[in-house]
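First chain A sits with chain B, and in the next complex the same chain sits with chain C.
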Partner chain A sequence: MNRRELLRNTAVLSAIAAMGLRPEQVLAAEDGVLKVAMLTDIQVLDPGYMIGGAETSLDYACLPRLAIPVKDANGVWGWKASDYVEKINQDDPTHISFTLKPGFMWTNNQGEVTTDDVKYSFERMLKSDWATRWPTLDRVDIKDKYSGVIVLKTPFAATFLMGVASESGSIVPKAATEKLKDQKFTTEFPAQCGPYTLVEWTPKQKVVLKANAEFKGTPPAFPEVRFINIEDQNAAALAYEAGEVAIAWILADTAARYAKKMPEGSVLSNQAGPFYTWIGMNTQHPKLKDIRVRKAIQRAIDVKSIIDAAYGGMAPIAHGVVPLGVIGNRKQSKFSYNPDEARALLKEAGVTDLELDFKTLNESYRVTAAQVVQSNLQDVGIKLNIIPLDSGPFWNLGLESKGDDWKNLQMWWMRYRASPDPSDALQWFIKAQVGVWNWERWSDAEFEDLWTKGLAETDQAKREVMYQRMQEIMEDTGAYVWITHDPVTYVHRATLVPDFDSGSEMLVERFKKA
Partner chain B sequence: MLFYAIQRIGLSILILVTSMVMLFSALKFIPGDPATIMLGSRASAEMRARITQELGLDDPVIVQLGHFFGRLLTGDLGTDMWSQRPVAQMVMDSLPYTLVLIVVGLGWSAMIGIPLGCYSAIRRNSFIDKFTGLVSVGTISIPSFVVAIYLILIFAIWLRWLPVVGAGEPGDFAGQARHLVMPGFALGLGWVGYLARIVRASMLEVMGENHIRTARAYGLPELQIVRAYALRIAILPTITLLAVAIGGLLSSAVFVEAIFARPGIGKLIVDAASMRNFPVVQGGVLTTVALFALTMPIADLLVAWLDPRVRATL
Partner chain C sequence: MAPVGPGFFARMARRLRGDPLGALGLVLVLLLVFCGLFAPWITPFDPFKLNVPDKFQAPNLVHLFGTDNLGRDIFSRVIAGSRIALWVGVSTIATALAIGLVLGLVAGYGPRWLDNLLLLLFDSIYSFPTVILGLTVVTLLGASVATLMFVVIVIQTPAYARLTRTATLSIKSSEYIQAIESLGASKLRIILIHLLPNVVGPLLIVASMDIPSVVSLEAGLTYLGMGIPPPAPSWGRILQEGYSVIQVAWWIVVAGGIPLILTTLGFTFLGESLRDNLDPKLRRIL
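Let's turn to the complex of A and B:
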């Protein structure tokens, strides 16, 4: 910059300040640009190897798919045909036929989206990091350029919700992807065909999407969307309040503050979220081997107080692991907060002076929750030592492959996330997961049987009963205190109507103007 | 002077190698594998094994170090384990943002701290001197992230004068400058006190020297004496302090970068460390250590060049 430019810029800034104009108003000249807060920068856009977060949003916005996730009137997740298909139909439990609409063109001169791309995209998932999303996929048969059949080895009820209509059902350009090293891509799509195209990525700063003029489906409401990388949720809330983004995922305590005094022209949008949080107990640990002790702990913990203290009262109480809006979600537990009953159970078990270790990730809300648990258990005569841990040692606690920590594991605070099918939430508690992710270390023959049958069952009413029963079995082990399905709360301008997938990621191509 | 320069640079290289040996040893003992931390229960045993193998985490530290320094000779800092981007490119993308932030932060601290220190020295033991002392201690003890939050509340949320997020668009100097005002101030404020204190002490020493007395005897104006004869000498110790400040600011910058959502090398390293993205941690730490290790000899050489008294002792 030369002296003249320095003088000119200084003069412009002074004029702006002198006129009382706010920088935000100057920026507002960029009409039609929607700015959204992005919590994590993109790292892998390839649906086979992605990590999540904004990568999910970008795959939905920039890649074609056969079906999209939708919620029904009861708030339960289902699917419908996408803009890219003339029809898609489950012909029988193991065959899904589809016909693509002609004329959807890939960018980078990669031609039209065809059945060849669909076959390549779905079959490559079997060798990918997300193969579990397609557990029974056998192959995709090509009928012609636009028609094909997805063939499953065995029926799998969640083929749509976990596969076809999810981010794992994104279709990639076969010819362009095959040319890449290891046939994988990271931060650059080999070609795109979505309502938006990714036109710019500035690492750790922003991702810019522009409406795809060639797109034959429903055009998006905003000509440009900028994902602004703000990795701290408190900073994202400040950026929202400063008017720099139109929508941001905020923390529960911020949501509670906004619920009392909402920023002007703003709305809170509570998504059920894909999470499930519970307090786990190691059923094989000598101090917790007696089921009466575990059941006493279940009854000694006041979950409502935890929700109030750690989530600002903004989270629902859970009664199982299957998230809200998913088949099998439980509405009631068989136990509730009852310290007298807890004391009686401890007395019956002949346990006195019990001292337990409680391990949790070192995050403020989790430690707050642990302190409530500590106080609750003290009321019934149990001393609890809270041990906050960094993510490294925490995630190794129950893994037998990572040492002997699992032998000393007693109680812990845990949160998992799930796809919108109950099987995804329950898969970690089968016998084969003991020593892996079933840290409670129990198994049950009926549970195993229901697990196998549930995967193949396609009658949703029957699945509802099966998965409810599986959670009841889990609860009866005494190893679980259900806490919450952590809601995902977004604050956004009242002029914006956002939309989300089952994982509460933003689907910007479905955003509308109010 | 040449021998002194070689000695200082040699020491910097030794610091660099030692710190990398310490870093590799520390990384070896950090629990947690990258796949599990990033993907939780979704991380399969195969994924964990694959990543461990790709990163060579099963190799002895000495082998890992050998590979690292071997690659370093060709300018290769490794590859980000997730995005597969070259670490050198990631570091070079982030480093300028941090350097600019540090320069602006130091600029703020020098702009406020040096006049404060001078004024305190001239008005020694006055109310202003005592008040300045209080302010100095205050600025030293307030963490930069607290300053950052208050700045955002006042200038971004209430007044809406300044932007809060990002670093501005490339090529837009005015925008980038606006994005630097608050982060730079938040970062630099902590060093105002240090600078003020050291300038004050140094000025007091210089103001008592013979040449100042002589200047006064000649009837020169006080302002001229301070500016032309006292400050020029008293400012020398601040050069060393500013070099030390760069190290301090590199670590404080992490918080400021997080709050203002600015890209930067501090944030790059912290994010990578929390995800056990070892190649990025190694490349980032190497760069910051190199930066700091080079700053100190440069400052020493600068002082020696500027101050004949120091030069005479070499």
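Let's turn to the complex of A and C:
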């Protein structure tokens, strides 16, 4: 800041103070610009190769799509037709027909959004990093300029939630994308057609969106949105308190603090979130081979204390891997905290002086949780050594392709992220994933059978039963202690009505003014 | 340098009376040693015992420094932490000192080629930035007390070795050493009987002043999550846990910071006092 800026800012702040206004009220209302905190800077906006975070929000805001995700009154995720289509309909389990509205124009003189773009966008996903979002897509048939049919090889119940109505269903401009090297883009859209257009990106600082005047759908509530890059969530909370941003994703500890004393004019918005957290045990490790030892550990750990200590009491207790608001979410598990039962099981197994290694990512709340686990296990006579690790070594622990660490892996703290279909959360525990992401290293014939049938089943009630049974099978291995579905909590101005996708990313084009 | 013998402590006590900072240093160091030695018996609560419902209690008469995010008594953890600080500080410095002394004597009194070789080794290690070297080694070997001690020994040894080498070089050309050599004394005898006692004094003073740096390094690496694993109540861990909840419980970082400050002040004051009283010549280089 130079001398002139210092003088100017001082004068402005003095004027604000003289008028009796709080500085954050002024900053939040600056020219109707909405400022939101962005945890990670953008790297790849291409829906086929994106990483996530704010990239998801920008794809929703700046690219067309056939359907959008919506939550029903029970908090379960579904979908509805987007502004870009006259109709979209699942004709039978393997055919989805759609008709685009005419007149949606790409920027950069790339013409109108047509079925050609849809076909190109969806079919290119099959060769992309996100191909798993479209597991049974065969092709898109073009009827005419605006109509077409999505054809699946086999039925897949989550085609909308994981594909069409997700960020992986973003439509890109065919002609402009084909001209790019490798037909991919990174931080610059080849052309845009959304409620907003991305007009400026300053690396590590901000992304600026401006309302798209050409957009034929519902206009967004804010003429400009700025994503401010703040990588630390504690810093994001401070930025919010200082009035720098109007909404920020905060840590559970901060949420607990705000719940007691809310910053003035603020609201907490709790999203169920896409996460599932558990404590895993390697069923093939000599120390944990006996299922009675694993079941003893399941019963020795007081999950409620973990939630209180590590999450400030602001997280729900989980009973499986399928997140809240997703079909198949379990409401109850078959075991609970019972140290006496744990001691009895250990005695029955003839185990004494058991010493185990517990590995976790070196994050403050995880290390706190690990200490609760350590104390719980000490109560039943198990010594636990906590080994905090950086993300590099941690994520290689169970991968056979990355060395022999998996042989020594005993217990660990794990968190995965899922899209809003149960198949996504459960896919990592099939037999083929042993040595990849099934670090617990077990397999079960019934589980495999249900997995295959669940993908093809379209009756949601039947799927619910199937996926709940699969989680019961997981639990019966004794290899899992369910912890939580980490809630995603945003703090925002009471004057703002935010909206989110199933991954709890902000959908700024759907934000409203209260 | 004044010899350590009968009347030494009485003489030191007399001198410390006229040097209040030195006396304060001695008191602080003795306090740390006392806490370190008797920690298991003097902590009012079990420093490891979790009591989650009582978490984040502000300092009060029961919990003098309050409680942390797991409801543990911070005062007890600070006292228990002094044992870690003392153990890591004293044992690593003593080991580094012993190794440095031997290598320094060998380099100073041995053949020229060996001196050059050892010097290259010392300077190579010495040129690594301490914290970066620490972080690298801990990442490779995994966080534990043993790894931390290994890092400190590797970092400190070259400094003592270099100091010993310089002192040895200046003494070895003195007349009395030449006289002993001409009488046919073995090299080992010359090193052990005649060189060692003359170089060890200044080294001890330097080492005493290094202890707080080592304690701070341990706390620093633990703060970065690369030191002693939980639930050990290292002061660095208390600081780290306090930092993440500073807006809810400010007293945790204060409680973790105070013993570090007192330890640093204690050893520094005491070291300076020892230097001034025992070897004033060192004032020029320390």
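Convention: the second predicted complex is superposed on the first by the 484 of 514 C-alpha atoms of A that agree within 3 Å, B and C clash if a C-alpha of one lies under 4 Å from a C-alpha of the other, contacts with A are read in each partner's own complex, and residues count from 1 in each chain.
Just so we're on the same page, a residue touches a chain if its C-beta (ideal position, glycine included) is under 8 Å from a C-beta of that chain, and two chains touch if they have at least 3 such contacts.
In this text the structure is predicted, and so the values were computed from the model without any measurement.
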**Asked** Between chain B and chain C, positioned on chain A by superposition, is the outcome a clash or a fit?
**Response** fit
**Message:** Can you report the vertex angle at chain A, computed from the C-alpha centres of the three chains with chain B and chain C as the arms, to the nearest 10 degrees?
**Reply:** 40
**Asked** For A:K206, is the partner it touches chain B (first), chain C (second), both, or none of the two (neither)?
**Response** first
**Message:** Going by the contact rule set out at the top, does A:N338 touch chain B (first), chain C (second), both, or neither?
**Reply:** neither
**Request:** Go through the superposed model and pick first if A:S443 touches only chain B, second if only chain C, both, or neither.
**Result:** neither
**Message:** In the overlaid three-chain picture, which partner chain does A:Q374 touch, first (chain B) or second (chain C), both, or neither?
**Reply:** second
**Prompt:** Should A:R417 be classified as contacting the first partner (chain B), the second (chain C), both, or neither?
**Reply:** first
**Fill in**
The answer to whether chain B or chain C touches more of chain A is B
**Message:** So in the superposed three-chain picture, is A:Q90 touching just chain B, just chain C, both, or none of them (first/second/both/neither)?
**Reply:** neither
**Message:** If we overlay the two complexes on their shared chain A, which of chain B and chain C does A:N362 touch? Say first, second, both or neither.
**Reply:** second
**Message:** Which partner chains sit in contact with A:D390 here, chain B, chain C, both or neither? Use first/second/both/neither.
**Reply:** both
**Message:** After the superposition on A, what does A:D253 contact: first (chain B), second (chain C), both or neither?
**Reply:** second
**Request:** After superposing the two complexes, find the smallest distance in angstrom between C-alpha atoms of chain B and C-alpha atoms of chain C.
**Result:** 8
**Contacts on chain A seen with chain B and repeated with chain C across the two complexes** = 390, 393
**Request:** Please name which positions on chain A make contact with chain B in the complex.
**Result:** 1, 5, 9, 12-13, 17, 22-24, 27, 42-44, 51, 129, 132, 186-187, 202-206, 228-232, 235-236, 238-239, 241-245, 390-396, 399, 401-402, 416-417, 428, 436-437
**Asked** chain C touches which residues of chain A in the complex?
**Response** 234, 253-254, 257, 305, 308-309, 362, 364-365, 367-368, 370-372, 374-375, 385-388, 390, 393
**Message:** For a test of understanding, state which residues of chain B touch chain A in their complex under the given definition.
**Reply:** 30-33, 36-42, 44-45, 47-48, 80, 82-85, 90, 93-94, 149, 152-153, 156-157, 159-167, 170, 173-174, 177-178, 258-261, 263, 267-268, 271, 274, 276
**Request:** Note which residues of chain C are touching chain A in the complex, please.
**Result:** 48-50, 52-53, 55, 69-70, 139, 142-143, 225, 229-231, 240-241, 244-245, 247-248
